[in-house]
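Next, two complexes with chain A in common: one pairs it with chain B, the other with chain C.
Coming up: the complex of A and B.
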C-alpha cells in the first residue's frame, strides 16, 4: 500500500531544498563580484535579480516549512533530485537575462549542462559574453562536479543525521572519513588544492602563449573548472582548440583525468596509500578501456591518413578519447570533424569511451569504471563456476581502497544501474533519429548528454527541436544522479496522487 | 589510522601537506604514463600505415 506523504514530509523536503537554494544564491555572489570588478553593470543587475529570487525562495521555504524533523531516506533522495531541478530553474535566470539564450528552455539546458558537468551548450555568441556570466557558467560546472548538495553540506549544514541521505541522493555513496560533513570537506580540500595548482599552471602556460596576465588568469581558472569538474565548458567557442598549444593540452589532460578519479581514491593516495592508484579497480579498468579505445581510434585515423604525423595523431586521438572517457567534453577538433574526418570507427570508439565514463564518486558521469570492473569480475567468476566441480565454492573480489568480495546483491545493483544507463543511451539515440538526425550521430550526441560528457558532433544547437532539448535536460539529470533519487522523486509525486 | 588523525587535527593542518602534494604528484605521474602509452601507440600506428 502506498502511503500518501503528510504535511510534515512536505515541510522537511521544502526546508532542506530551500537551504540548498540559499547556497545557490550565495554562489551567485562570485559572478556578481566579477561583474562589478569588470564594470559589467547590466550583468550586475542580472545577478542581483537572480540572487534575490534564490533568497526569496530559500528563506520563504524556511518560514513556510518550519519543522524539527530530520530527513529520512526517501526525503534525502527527493531533496537531492528536486533541488537540482529548482536550482536549474533559478540558476537559468542570469543566462536568460543576458540575452544570449534563445529561450528559457535553452537557458535551463545550459544550466543543467553546467550542474551535471556535461558541457553541451546552446548559448549564443559565447566569445562575447560578459566575464560575470562566463564565471557563472564555469562556477556552475565546478560546483556541480563536487555536487551542489556537497556544497550545502560543507557550508550550510551542521552535521544533521540526515546529511548522509542527501549526500547519497546526489549519487555519491563513499565516506572518505567517518563523518559525512568531514567527507564533504575532504572533497573540497582535494578540489581546492587542485584548483590553486591547476589554475596557476594553466595561467602560466597562457602567459607563455602571449595572453595578458588578467586574461591568462581568468582563462586558467575557467579552463581548470571545466577540466577538474569534467564539465567541458571553456571560455571560447572553439573550446580548447582555441589555444593551439601542446602544453595547454597536456596540463588540461592531467587535470581532467585527475578530476575523473574517485574522491575515495584521491583521499587514499593523498593519505599515504600511493600504490592504490595501480591496484584500484577503477583506475585499472580506466587504463584498460581508455587504452583500447585510443588504440582503435588511433589505428583507424592512421589508416585513413587524417593526420600527417605521429604527434598530430597522438594529440588529436588521445585528447578526444581521454576527454570522452573521463566525460569531460573538451575538444581540440571542430565538432563536425567527428563526422567528416573521424568516420564511423572514430565515432563509435568515442561513443563507447563516453558510455563507459569515469569513476564513481567523482565529478564524472557514465556507467563508471567500478561497474565495468564488477561486471568483468562477475563474468569471470561465472566462467570459473561453470568449469569448477559442482560443490566448489568460487569467490571473487576486487580492490577499491580495500578488498571487496563480490556478492549477488552488488552484481544485481551494478547490472540494474548499467541497464538503466544503456536504456537511456538507447532512448536518446532513438528520439534523435526520429527527429531526423543520422542514427550514429544521434547515438553519439545522446550518449554524450546522458553520460554527462559534452562532446558534440554538431547535433546540439539552438535550432535543435525542443523535444530533444527537454530530453537531453532529463538525460543529463538522470545520468548525473544515477537514476535512483530521480525515481524516488517520481515515486513521491505518485504517492501524492495515489497514496492513502 | 592516518585519516582519523587528520580529522582530529584538522584536514588542512600543515603536517598533512607533504603527503597531499606527494599524492598529487603520484596521480600526475600515473596520468602522464597513460599519455606516454598513447604517444607510443600513435608512433606505431603511423609506422604501420
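Coming up: the complex of A and C.
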C-alpha cells in the first residue's frame, strides 16, 4: 500500500529545498558583482531580479515549512532531485531576461545543461553577451560539477544525519571523511586549489597567445570552470578553437582529465597516496577505453585523409575523444565537422567514448569507468567459473582506493544503472530519429545529452523541436543524478495522488 | 477520470502554459554578406578546400597577435550588422571563420564585437583551409588583404524602467521575507527558551 506523504513530510522537503535555493541565490551574487565591475547595468538588474526571486522562494518556504524533523532517505532523494528542478527554473531567469534565449524552455535547457555539466546550449548570439551572464554560465557548471547540494552542505547546513542523504541523492556516495559536511568541504578544498592553479596557468597562456590581461584572466577562469567541471561551456561560440594553440589545449586537457577523476581518488592523492592513480580501476579503465576509441577515430580519419599530417590528425582526434570520454564537451573543430569531416566511424567512436564517460563521484557523467571495470571483472569471473571445477570458488576483486571483492549485489546494481543509461541513450536516439534527424546524428547528440558531455554534431539548435529540448533536459537531469533520486521524486508525486 | 489522470492533465497544462510563455518571435535574420557563407564552407569542406575566397563579416572578441601574424574571428551570422543587445531579432547561433593574417592588417580594426560593441565589418581575401597543416588541422582562412567595410560602434547599455521597478519591488519583498524569517525564528526560539 502506498502511503500518502503527510504535512510534516512536505514541510521537511520544503524547508531543505528552500535552503538550497537560497544557496543558488547567493551564488548569483558573483555574476552580479562581475556586471557591476564592468558597468553592465541592464545585466545588473537581471541578477537583482533573479536573486530576489530565489530569496523569496527560499525564505518563503522557510517561513511556511517550519519543522524540526530531520531528513529520511526518501526526503533526501526528493530534495536533491526536486531542488535541481527549482534551481533550474529560477536559475534560468538571468538567461531569459538577457534577451538571448528564444523561450523560457531554451533558458531552462541552458541552465540544466550548466548544472549537469553538459555544455549543450541554445543561447543565441553568445559572442555579444555580458561578462556577468558569461560568469553565470560558467559558475553554473562549476557549481553543478561539485553539486549544488554540496554547496549548500558546505555553507548552509549544520551536520545533521539527514545531510548525508541529500549528498547521496545528488549522485555522490564517496565519504572522504567521516562527517558528510567535512566531505563536502574537502571536495571544495580540492576544487578551489585546482581553480587557482588552473586559472593562473590558462591566463598566463592566454596572455602569451596575444590576449589582453583582463580578457586572458576572464577566459582563463571560465575555461578552467568549463574544463574542471567537465562542463564544456566556453566564453566564445568557437569554443576552444578560439585559441588556436597546442599549449592551451594541453593545459585544458590536463584540467578536464583531472576533473573527470573521482573525488575519492583526488583525496587519496591529496593525502599522499599517489600510487592510487596507477592502481585505481577507474583510471585503468579510462586509459584502456580512451586509447581504443582514439585508435578507432584516428584510423578512420587517416583513411579518409581529413588531416594533412600525423601531428594534426593525432592532435584533433585525441582532443575531441578525450573531451568526449571525460564528458567535457570542449571542441577544437566546428560542430558540423563531426558529420562533414569525421564521418560515421568518427561519430561512432566519439559516441562510444561519451557513453562510457568519466569516473563515479566526479564532475563527469556517463556510465562511468568503475562500472565498466566491474562489468569487465564480472565477465572474466564468469568465464573463469565456467572453466573451473564445479566446486571451485572463484573470487574477483578490483582496486578503488582499497581492494573491493565483487559480489552479486554489486554486479546487479552496476548492471541496473548501466541498463538505465543504455535505455536513456536509446530513447533520445529514437525520439531524434522520429523528429526527422539522421539516426547516427540523433544517437550522437542524445548520448551527448544523457551522458552530460555536450559535444554537438549540429542537432541541438534553437530551432530543434520543443519535445527534443524537453527530453534532453530530462536526460541531462536523469544522467547527472543517476536516476534513483529522480525516480524517488516521481514516486513522491504518485503517492501524493494515489497514496492513502 | 481518476485522480491520477486529472493530476497529470493539470500538470501537463501548466507545463505547456509555462513553457509557451516567454517565447520570443523569430524575425527574418540578416543573411550572410558572402557568396559562400561560413555555414557553406563548413558543410562542404572538400569543395572549397584550398580555394581563394573573399569573406566578410563582423570582427569579434580581439586580435590575438603572434609575432608578425595575428588571429581574427569574423562572424557572418545574423548579428554582423546589429547584435541582440542593440535589438536585433534572434537568428540562431553565431557562425564565422577564423582568419590568420599579417598583424599590421589586424591593426586596422577599431572595434571588436562584444557586449558593449558592434565590431567593424571587414572583408578579407585569402585561401580557405578545411584542415590547415600549419595550424594543427584548424579550419581557417589565410588572408593576404583586409579592408574595413564599415567601422563598428559602441553599444549603449540601456536599462529599462519596468525592469528597474521590478528589481526594486522584488528586492524589497525578498528583504521583507528574510527579516520575517529571522524575526519569526528568533521569536520561536525565545518562546521555547
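Just so it is clear, the second predicted complex is superposed on the first by the 500 of 500 C-alpha atoms of A that agree within 3 Å, B and C clash if a C-alpha of one lies under 4 Å from a C-alpha of the other, contacts with A are read in each partner's own complex, and residues count from 1 in each chain.
Simple rule for what comes next: contacts are C-beta pairs under 8 Å (C-beta built on N, C-alpha and C of every residue); 3 or more make two chains touch, one makes a residue touch a chain.
As the structure is a computational prediction, the values presented were derived from the model and not from experiment.
A.B. asks: Would you check which partner chain A:309 touches, where first means chain B only, second means chain C only, and both and neither mean what they say?
C.D. replies: Both partners, chain B and chain C.
A.B. asks: Just checking: does A:193 make contact with chain B only, chain C only, both, or neither of them? Give me first, second, both or neither.
C.D. replies: So A:193 only meets chain B here.
A.B. asks: Check the residue A:271 against both partner chains and state whether it touches chain B (first), chain C (second), both, or neither.
C.D. replies: In the superposed model, A:271 contacts chain B only, not chain C.
A.B. asks: Based on the superposed arrangement, let me know which partner A:212 touches: chain B (first), chain C (second), both, or neither?
C.D. replies: Second partner only.
A.B. asks: Between chain B (first) and chain C (second), which, if any, makes contact with A:24: first, second, both or neither?
C.D. replies: neither
A.B. asks: Which partner, chain B or chain C, touches the larger number of chain A residues?
C.D. replies: C
A.B. asks: When the two structures are overlaid on chain A, which partner does A:374 contact: first (chain B), second (chain C), both, or neither?
C.D. replies: neither
A.B. asks: Where does A:128 make contact in the superposed view: on chain B (first), on chain C (second), on both, or on neither?
C.D. replies: second
A.B. asks: Name the contact category of A:45: first (chain B only), second (chain C only), both, or neither.
C.D. replies: Only chain C is touched by A:45; chain B is not.
A.B. asks: In the superposed view, which residues of chain A touch chain B and also chain C?
C.D. replies: The overlap between the chain B and chain C interfaces on chain A comprises residues 309, 311, 313.
A.B. asks: Inside the complex, what are the residues of chain B that reach chain A?
C.D. replies: Checking each residue of chain B against chain A gives 2-4, 6-7, 11-12, 19-20, 22-24, 26-28, 30-32, 34-35, 37-39, 41-43, 45-46, 48-49.
A.B. asks: Write out the stretch or stretches of chain C touching chain A in their complex.
C.D. replies: Going through chain C, the ones touching chain A are 3-4, 7, 18-24, 26, 42-45, 60-66, 70-71, 73, 75, 77-79, 83-85, 88, 90-96, 98, 100, 113-116, 130-133, 135-140, 157-160, 163-164, 166-167, 170-171, 173-175, 177-178, 180-181, 184, 188.
A.B. asks: Can you name the residues of chain A that touch chain C in the complex?
C.D. replies: Its residues touching chain C are 39-42, 45-46, 48-49, 51-53, 55-56, 59-60, 62-63, 66, 96-97, 99-105, 107, 124-131, 209-212, 215, 236-238, 241-244, 246, 306-309, 311-313, 315-316, 332-334, 336-337, 340-341, 461-463, 466, 470, 493-494, 497-498.
A.B. asks: Taking the touch rule as given, give the residues of chain A at its contact with chain B in the complex, in rising order.
C.D. replies: Per the touch definition, chain A meets chain B at residues 176-179, 182, 185-186, 189, 193-194, 197, 250, 253-254, 257-258, 261, 266-267, 269-272, 274, 277-278, 283, 287, 290-291, 294-295, 298-299, 301-303, 305, 309-311, 313-314, 317-318, 321-322.
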